[in-house]
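So, here's a batch of structures to check.
Each of the next two complexes has chain A plus one other chain: chain B in the first, chain C in the second.
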Partner chain A sequence: MKKRTLTKATKDNFATIAMIVVLYAAVTIAAQAGLINSHLGGLLVPLCVYATMAVSLNLVVGILGELSLGHAGFMCVGAFSAAFFSKVTEASMNTFPRFFLAILVGGIVAGIFGFLIGIPVLRLNGDYLAIVTLAFGEIIKNIMNVLYVGKVGNSIRFSLDSSAAMDMDEMIINGPQGITGTPYDATFTVGFIILLISVIVVLNLVNSRSGRAIMAIRDNRIAAESVGIRVTRYKMLAFTLSAVIAGCAGALYAHNLASLIATPARFGYNMSILFLVFVVLGGIGSTRGSIIAAVILTLIPEVLRFIGDYRMLIYAVIMIVMMIVNWNPKSRAFIEAHNPFRKKEKEVQ
Partner chain B sequence: MVSFITNLINGLSLGSIYAIIAIGYTMVYGIAKMLNFAHGDIIMVGAYIAFTVITTLSLPVGLGILFAVGGCLLFGIAIEKIAYKPLRKAGSPLAVLITAIGVSYFLENMALLIFGSDPKIFSSVVPFQTVAAGPFVIPGTTLISIVVSLILVTALQLFINKTKPGQAMLAVSQDRDAASLMGISVNGTISLTFAIGSAMAGVAGVLLCSAYPSLSPYTGAMPGIKAFVAAVLGGIGSIPGAMIGGLVLGIIEILARTYISSQLSDAIVFSVLIIVLLVKPTGLMGKVIQEKV
Partner chain C sequence: MALLEVRNLAIQFGGLRAVDDFELTIEKGQLYGLIGPNGAGKTTVFNLLTGEYKPTEGIIKLDGQDITGRSTVEINRAGIARTFQNIRLFKQLSVLDNVKIGLHNQYPYPTAAAIFRLPSYFKTEKAMNEKALELLKVFHLEEEADTLSSNLPYGKQRKLEIARAMATNPKLLLLDEPAAGMNPNETEELMENIAYIREHFGMTILLIEHDMKLVFGICEELTVLNFGRTLAQGETREVLANPEVIKAYLGDDED
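Right, the complex of A and B next:
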């Protein structure tokens, strides 16, 4: 009888999932033991958000092979729709089902946006695609800053002009003031679950027939097309799924903030680029690497807090040096040659 | 009607500043095949140098401009040598893109450390306030921006088409390996491109802050992105394209701000880009490159 062994890909996936679970367990135990101060504790949910965003963007950049510079836009859509849902249903629902549905709403709305934006965007190639995603991200941020939604009696009205345009009884989305008073539902555990589910979904996709089709498109679009892979369909699949994950991350993010405002610092292109940094630094295409990079890069500014004003400067220097060391052909060869942990690849007969 | 034409002229002025920045973007893209996200921050560096020389040291304006342009030029060359050159053979264009973002963070935070986060009031370098021409009263900075950008673009076109280093730049942008076989120094040419692009960013910084006198470490970021959009709009890699893209963008921005909504002007600018790219996927003047199997 043939002995069933796990394939390399399966082992790798288990390693990734195990890493997340171990990290979660370690943080939870440390929190129980009182080793985590309030400052670090406040970082736990954003950490999950950023790691999930890294997983989401890695699907587009690493696996689909298209550069997206507007992922913060999807996160913004998810955040606002989920916070909106929570505000509307706050009085009528319990915490658990409400937050669950809010995350779902965030994911679905962001997914719809991803689908609609994907139709025009995915027709373009390379840097043109990148700039159009950046443009969409900025448009979303800009519109969120002028959107007023309020309640009049039992109906909901919206305006792009000002809150005074209609006398609303209660403002829900108040233009540049955003949404205030979203319930604090986000916890580290929920963040962990969202991250875990996104990772499982993405890893399963990568190792499926669709995933292989997506990677074939990345490696050579024309060849993939000529063997009958439906390029547009698979591109849309990856892009929409990525938007859904980003929307869920946004929903989590929104429920961790006292006031949700579409500021450039939170949802602008800077943020999209930061997510891209996670993906590239973690090794393009590697889900595990993206998560590790997201965690490290979020923690570095905190670790560097003791050097005060210089910390962001040092952060920038670390970023440049890490990129050069990781990607320069000579330094890469040097690391390969001197790495004692290097896995010895066995010759396959 | 008069106010419409005045707005049009203001748009032309903002557009010509965008054009100067966009040309730097497009040149670097054409030759080094990289999106230099730090380009916008070079504008800010130039403006701070001019501010220091003119306001803090109270030296003549001409000297301030000279130092700003020279300083940006040196910064551009140094950044290319230190941060981008080691990654030229990295295999992934994303690697150098991220490094450019690192450089951008570095410049912003350096300015933050040296000058603080409070905005500085930049005194205009243009000696005359306004120029009256019939019913139109045009601010001096507006006029100077348009004139300077026209001179720079003409000079650059002449340089590229009529001189040997300019021809070398064209050759490197078309085929780097073939150019190096013809005895062209690829490294030298790339340095030259960064030098010219950054010097132009320095000029843009001085002009931008003369027109909009508030100077902070993040002054360059948004104009940088807009100029990037302008470069793509015109067809990235093409210098006339960058010029046209910049002007179109500036005019649309000012008109949208005046006649539609001041808050939505950015969204409108970006929507125009999307529409243009959907109709003409390589920008207004971009070449269509046929994919070969």
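Right, the complex of A and C next:
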């Protein structure tokens, strides 16, 4: 009995990790064989970013059971802080340690923001988190559009008015023009590693004492309190960790762009909703499902580009089909009844 | 010294005094019943004892320690666990996980140990699994350990709630209508379970119940509530013979 319980969860986790590794291997082999054109190749890093964002948001929406509508905001914070770090240290550090630290900086700064937002909001119940995160996402995006940071000699100065006012030697963050010339460090392999680590961290958390406490809060807060679970502490844990992962995804994203600008298309409300779509279509609470949804929905519009505007029509149909497959009890039972690996492999190919 | 001492407990919701001047003394090892017509304030008393509501007046002492006004979490850690009238299981989790969540504070290990899969994680999880299965066995639920808790039949859901409450290692167990919705066989089994946990764990139990057969069969002492006030208190047989109590019950159609 006990062994069965343990292996069931382990097997499920293994399937998720195996899926990511197989996906990575398949893409790498295809690239070696020259099967991936430059357009598709350019999508690989964003694909990892979006999949990681889906894992991050799934932790809040699916596992903690709170709604966050501003996850692009955490990604934005991570992207700018990591790019800033890379710009400042570009001359003095080698690529590998610099990029590693930049990702760490992105994650930590986003985590701090997540923690600070969580302090007042996670004490409340209901839709407050959704409202506050929605506002946060928009505020961060707008602040990044008016923030000027530059070097004067060896010191760093910032302003919220204009760059001219301070007579800076070198601009690092140039208001609406953002950060330009961030080292182009992001590769598909790095993206794969970030995604893999995020998935392992989330799955290990879920199958632990803390993870069970988080899910207990989602399922029934009053009962969770009645068995002695400190609700606010575990909400904070899940939310902050989610922000850290989003920050790392943002750091990766920033190092894949020639110029990092906080445009609505990149960090706005629509992006947050897109991440939410990944989570919902993937089956709320399922890390594997979130990743599959992120991959499919990111690739579909690009793969179908040759049929022009009809691709959005097919995109919509695919969304509906995924919704039915994931949420219809009969189709779920069908998938459950068959080997979980089969579903995975079908989706991958 | 009594395990639970409640003095002059009262709570006011606006103009309504839902519970007033409530007194209760429960000795260690006792099985105490709290009965009364619908809306008498029985569950409100439970919510006051577990910190769900903060009392307007009065003192609650557990094992000599004043726990009045503490949070639900602190009160659970001090040693009071409860079940709910309208079952509150962790529905999307397995039966085993429900009990393991009850064991949360008994088997601590840092979150980092889980994320990095350190030896302390495996060791503690193993001990937790064993303890949880042991508890499930008491309630004959070990076969369903992997079942989703919401897929259990009603009677078993009630039992799982008791198992989960027991997992927190309480001094006092509060059962809110444990036999509600059970058929006579299930009620019979429940009575055996309750007898078992009293015998093997020396558990002190306070229960709310409408099933008079169960109350008469297992409760040693009773308090009868009506409109938030104590109508009668004392030994089960005497209390149930009290004309006031009979009047309160017969005057209420729903019971």
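The rule we apply is simple: the second predicted complex is superposed on the first by the 304 of 349 C-alpha atoms of A that agree within 3 Å, B and C clash if a C-alpha of one lies under 4 Å from a C-alpha of the other, contacts with A are read in each partner's own complex, and residues count from 1 in each chain.
Throughout what follows, a contact is a pair of C-beta atoms (placed from the backbone, for glycine too) under 8 Å apart; a residue touches a chain by one contact, two chains touch by 3 or more.
Remember, it's a predicted structure, so these values are computed and weren't measured experimentally.
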Practice problem: State whether A:Ala33 touches chain B only (first), chain C only (second), both chains, or neither. | Solution: neither
Quiz item: In the superposed arrangement, which partner chain does A:Ala337 touch: chain B (first), chain C (second), both, or neither?
Solution: neither
Self-check item: Which of chain B and chain C A:Val227 touches, first, second, both or neither
Solution: second
Practice problem: Quick one: classify A:Asn328 as touching chain B (first), chain C (second), both or neither. | Solution: first
Quiz item: So, does A:Val61 touch the first partner chain B, the second partner chain C, both, or neither?
Solution: first
Quiz item: If you stack the two complexes on chain A, which partner ends up touching A:Ala258: first (chain B), second (chain C), both, or neither?
Solution: neither
Exercise. May I ask you to decide whether A:Gly211 touches chain B, chain C, both, or neither, giving the answer as first, second, both or neither?
Key: second
Practice problem: Please name the chain, chain B or chain C, that touches the greater number of residues in chain A. | Solution: B
Exercise. Please write out, lowest number first, the residues of chain A touched by both chain B and chain C across the two complexes.
Key: 222-223
Self-check item: Of all residues in chain C, those that touch chain A in their complex
Solution: 50, 52, 71-73, 76-77, 81-82, 84, 88-94, 96-97, 100-102, 104-105, 107-109, 111, 114-117, 121, 124-125, 128-130, 133, 142, 145-146, 164-165, 167-168
Self-check item: In the complex with chain C, residue positions of chain A that touch it
Solution: 1-2, 4-6, 8, 201, 204-205, 207-213, 215-216, 218-220, 222-231, 237, 285
Self-check item: chain B-touching residues of chain A, taken from the complex the two chains share
Solution: 61, 67, 120, 123-125, 127-128, 130-132, 134-136, 138-139, 142-143, 145-146, 160, 222-223, 269-270, 273, 276-277, 280-281, 284, 309-310, 312-313, 315-317, 319-320, 323-324, 326-329, 331
Exercise. Going by the contact rule at the top, pick out the chain B residues touching chain A in the complex.
Key: 29, 35, 37, 83, 86-87, 89-92, 94-95, 97-99, 101-103, 105-106, 109-110, 112-113, 221, 225, 228-229, 232, 236, 261, 263-264, 266-267, 270-271, 273-274, 277-278, 281-283, 291, 293
